[in-house]
Amino acid sequence: MSTYRAGIVGASGYAGAELLRLLAAHTDVDVAHVTGASSAGATVASLYPSLAAAYPQRSFAAFEPGDLAGLDIVFVALPHGESQQLVPDLVGKVDHVVDLGADFRLPAAAYEQWYGARHSAPELLDEFAFGLPELFRDDVRAHAHVAAPGCYPTATVLALAPLLAGGLVEPTGIVVNAVSGVSGRGRGLSAPSLFSEADGNVNAYGLLDHRHTAEMELALGRVAGSDLQVLFTPHLVPMTRGILATCYARPAVDGLSSTSLLAHYRDFYAGEPFVVVLDEPPATKATFASNAAHVTVRFDARTGTVLALGAIDNLVKGASGQAIQGANLVLGLPETAGLSNVGILP
Amino acid sequence: MSTYRAGIVGASGYAGAELLRLLAAHTDVDVAHVTGASSAGATVASLYPSLAAAYPQRSFAAFEPGDLAGLDIVFVALPHGESQQLVPDLVGKVDHVVDLGADFRLPAAAYEQWYGARHSAPELLDEFAFGLPELFRDDVRAHAHVAAPGCYPTATVLALAPLLAGGLVEPTGIVVNAVSGVSGRGRGLSAPSLFSEADGNVNAYGLLDHRHTAEMELALGRVAGSDLQVLFTPHLVPMTRGILATCYARPAVDGLSSTSLLAHYRDFYAGEPFVVVLDEPPATKATFASNAAHVTVRFDARTGTVLALGAIDNLVKGASGQAIQGANLVLGLPETAGLSNVGILP
Amino acid sequence: MSTYRAGIVGASGYAGAELLRLLAAHTDVDVAHVTGASSAGATVASLYPSLAAAYPQRSFAAFEPGDLAGLDIVFVALPHGESQQLVPDLVGKVDHVVDLGADFRLPAAAYEQWYGARHSAPELLDEFAFGLPELFRDDVRAHAHVAAPGCYPTATVLALAPLLAGGLVEPTGIVVNAVSGVSGRGRGLSAPSLFSEADGNVNAYGLLDHRHTAEMELALGRVAGSDLQVLFTPHLVPMTRGILATCYARPAVDGLSSTSLLAHYRDFYAGEPFVVVLDEPPATKATFASNAAHVTVRFDARTGTVLALGAIDNLVKGASGQAIQGANLVLGLPETAGLSNVGILP
Amino acid sequence: MSTYRAGIVGASGYAGAELLRLLAAHTDVDVAHVTGASSAGATVASLYPSLAAAYPQRSFAAFEPGDLAGLDIVFVALPHGESQQLVPDLVGKVDHVVDLGADFRLPAAAYEQWYGARHSAPELLDEFAFGLPELFRDDVRAHAHVAAPGCYPTATVLALAPLLAGGLVEPTGIVVNAVSGVSGRGRGLSAPSLFSEADGNVNAYGLLDHRHTAEMELALGRVAGSDLQVLFTPHLVPMTRGILATCYARPAVDGLSSTSLLAHYRDFYAGEPFVVVLDEPPATKATFASNAAHVTVRFDARTGTVLALGAIDNLVKGASGQAIQGANLVLGLPETAGLSNVGILP
């Protein structure tokens, strides 16, 4: 069987490197070309010696659309605002684009509201599916291109979706309290990303208006079939990878119990290869380097609150793994190709 | 000026060792005797080489009430359930007891409800003040003995108290989402305390019914002047020290703003040596090894929610520092003696 | 093609869990039976939720030789002294045993000298090959059973072997200064393994007489063709996985240079799938979760010293990955089956 | 008693912030002025919220020599090459300069050799003492200005000095294998300082020619009374603070034993407030945030090697604490003023 030829734009960042790692083990996709603006000319192995054996001679190239023309699929792993500049040059030249950034996840109006800037390629938004296969699989298959969801939204939406799909909780008053490992800040240089600042430290950031709120409200609202409001508080914690979303919602029906909710979650996610419903609170480390999401749920009768928790690896299910999962769908490959649901622990 | 003579019961655990560290720099209190059940006979320096220079020859003794008789003050740092067994032997023999455990913080009925066991010394409960000086300073001074609050309640109550004292939020629907460093689990041996399990991991635990909920409801209810309900979700994060409480409450009045709330917090804590009100989200690392609590507050007009955050070092303001602060009060010393509000960063 | 059926004795420790993780992706080997003394009856997923998706129903059994009889291969991951007790019950009943402990690595006399106890199954020692394929591949293939080398010896021997094979350094005066992540201590409960003790800490241990010295001297002596002496100083560092060996030796020939030594290393390891010779100092993280060893070498003309460095993941190339590599050899499978030379970074 | 007025040049880096932390508790020295080039105008509390309570309103100023004129003492915490540019403007205007950088530690020729640049103020070198009080106390007192030693040399020289002072080891063939926490790289932004790169990683760097080699050879040679040669290999380990030097030397006399060496070390350092000689291997964490150095020593009769180990906090005894210790000496204050020998553990 012939393999598909892939390109990666922005391959020198952490999401790009994770694509390189995962695709090295993907038997149906070959990495044909990689670009990295600030690292152009450097070898992959010099930035990521972990990849030395798999890509011994490969270097990052400067971005030239012509170098990517004719590829079956191109992954774009760039900061928001940058993808929309170059994706228009790609969509006619390659069969599929999977964007890992925020540029093609939201409608133009929502993008402008949350990102404070006009979208420069709004005409392409309808060609991209919101790439969360567990909830929108058919929609992904029906599109040529995929906008892979953000890390926080992935953990949050998978944790809360069964509640909203079932009409079990109110669409307002939802609180999402989440933590992320430092790799979520990327490979860019900034003081809060320094080991000496992040080690031994937890702090919240982006209070009240973190942009991932928009994705959560959009995706969960689609599941709920109604408008929906989330208060989201992200925190940085001293680990490299992992996201845990701890979510609070108000019940919309009587008679809930933890037992019945857990059964509902197991039904909802039955057969999903990458969602594991646990009785116990999920641990980020159990998902390390895997494409799995671990979730659980509780009902607190004392305070009348539903508690839902979801853990993922932010660089895999929260970025590159999910991007490959979406790529598999649009390429017609088995959805699990090249992906694992087994974490690395300890 | 003469110094006070102190004993420490349970000195070989982390809270006990932290008392030894802090008292080594306290010019008005001498450590006269230290006990440690499982470590009896071992030198302090063998368990804590950090203390070798300050306590070169000191060993942990087995607990004998007679060894402590006549001391001015005894700190008791034992697991819950154990203090109440031996405190009755101490209260007549020493001037002051400061208990760092949970045994003398709650009324007998609440203790039984949350700890699932009858209190064995209920007649002594009234002799202990709930030792959170910023809120109950006069009450502490009016008692002989002090029950130092738990780590999570300290961070949470200091973060939320100005809201409840001012009647600004509802006493129900309060959500407390908090993280703790691994030292909060103590020096006892268990798999979740292992480096290889905790490193790179975050998970929630004690869902719905963690015992510190009772202290939060008690202390905040006292501040609010009414019954009060908290849903508390603790998490373990991969750092040694530090607690961050991220708290959500519903406004009880109109016209709130982040600016007005910050001003209210600054008024409320004016002159407090150990509370710092910050514009920015507090970072646990900024309080490392200090007795300071860092807090901030926000009002989210979009979702109608008040957000309050508090950070402390769980072993200092959350345990041994606060115990010394209480001891200073009952001994008539300056409240800040032997304590620092400067953290260690990086 | 039919698959081989494997058992794991001591599967609940870290090396055992890593075998379970790696074999889940090994298409030619099925895990038929797993035992775990202290965890008998517990599910794999309860100890290692990372494995929940791969082993949803599997439990650890108590060890019964009859349960393993007839299997093609049994991996034994037990503390030293325990394998030799039960391996005699296995060797006649299963085709191949791969022991991950120290019991079958040394001749009986050396075992007694370094481990301070008589070997209880010396008659079996000749049936086990020292399982370092890069140096002793044919010898491994010629045996039925494999003693997988220790973690420190693997990193050290791979770093130094090209020097000794070439007669380039003296067989005495070799200093090995190595660091290990905390998982090297296993899942057993002890104070130095606690997060709060290991985090932020480095200390040496086992000064002068660490038992892995014997393996290093044996394996390197075999390569050198002469007796050989190593002074080995291990250190614990605050990370979960990884070993870095920094080795010092005295030149035995004139005219060495870093350039010529690097060329010699590249020749020596040409074609080896799991050894990467780097120009730059190797980083443990580049080998994380992979079976790769990264090495480099330098000659310091100023002090007349050769410096060789080797990095591995202690649980993979230093334990379970190398055990599978050895298993592949004795089973006649491709040596790389089920193993990766790509690390996980960040 | 009146206090001395101090300035800090380069106060926004980690060594500068640590000076601010330590001087906040120093009752004889007031911080009168602080400068920080890249942070000029920012408040101390915005970069270091840990210092918010001690320096609530203080800001970093741009460097102007006139602002510092008349101060009793000025600490200079700048990258090498920068101190020598501005110290000439200070030496006539302030009583004492304590330089924490490398510019005034070496003779001009050695500086040029190791740093690859001509020294721009060689005429001032004789006015600076090499500020390691335990070995050169009288020399420090006899100078107006102090060059505080580097972090690696401090740990190494304190570990090895008793051997060389006693003529017990050879002055050649010395190997120093050391590890440092990431704060040793400072607050500057670079990829190896990122949490996601440093976490879970150990690697050597500066192979063969790290500049601290020169200081080690200079200081130890002065102790030995002869020329001396060191091969030094530094490593980065995933912790914020701490240095451990593991040193190997060849005996120069017969009849050594670990017992006799330990007794010799205890004699050598008798009465030193900041050196603790331990029977057990020192742990970096035991020195955390303190000015203490912990050392031990062994003789390996098997390989004929002396092993000496030293641990310090790189930002305290390896930088700012030692600078204050030197300042105390030149100001005529008690050498221990404002400094602690108690570490923070856990």
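Per-chain numbering from 1; labels A, B, C and D assigned in written order.
What we mean here is this: a residue touches a chain if its C-beta (ideal position, glycine included) is under 8 Å from a C-beta of that chain, and two chains touch if they have at least 3 such contacts.
This structure is a prediction, so every number in the text was calculated from the model and none was measured.
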{"item": "A-C or A-B - the one linked by more C-beta pairs in contact", "value": "A-B"}
{"item": "Most distant chain from chain C by Cα centroid", "value": "B"}
{"item": "Whole-Å gap between the CA centroids of chain A and chain D", "value": "45"}
{"item": "Between chain C and chain A, distance of the C-alpha-averaged centres to the nearest whole Å", "value": "36"}
{"item": "Intercentroid distance (Cα basis), chain B paired with chain A, Å", "value": "38"}
{"item": "Chain D residues counted as touching two or more neighbouring chains", "value": "14, 181, 183, 187, 196-197, 199-200, 238-241, 282-283, 285, 288, 346"}
{"item": "Of all residues in chain C, those that touch chain B in their complex", "value": "14, 181-183, 185, 187, 189-191, 193-200, 238-240"}
{"item": "In the complex, chain D residues that touch chain C", "value": "172-173, 175, 177, 179, 181, 196-197, 199-205, 207-208, 229-231, 233, 235, 237-242, 244, 246, 248, 281-285, 288, 298, 300, 302-303, 305, 307, 309, 311, 346"}
{"item": "Residue ranges of chain C touching chain A (in the complex, touch as defined)", "value": "14, 17, 21, 24-25, 46, 48-54, 183, 187, 200, 240-241, 273, 276, 278, 280, 282-283, 285-290, 292, 294, 315, 340-346"}
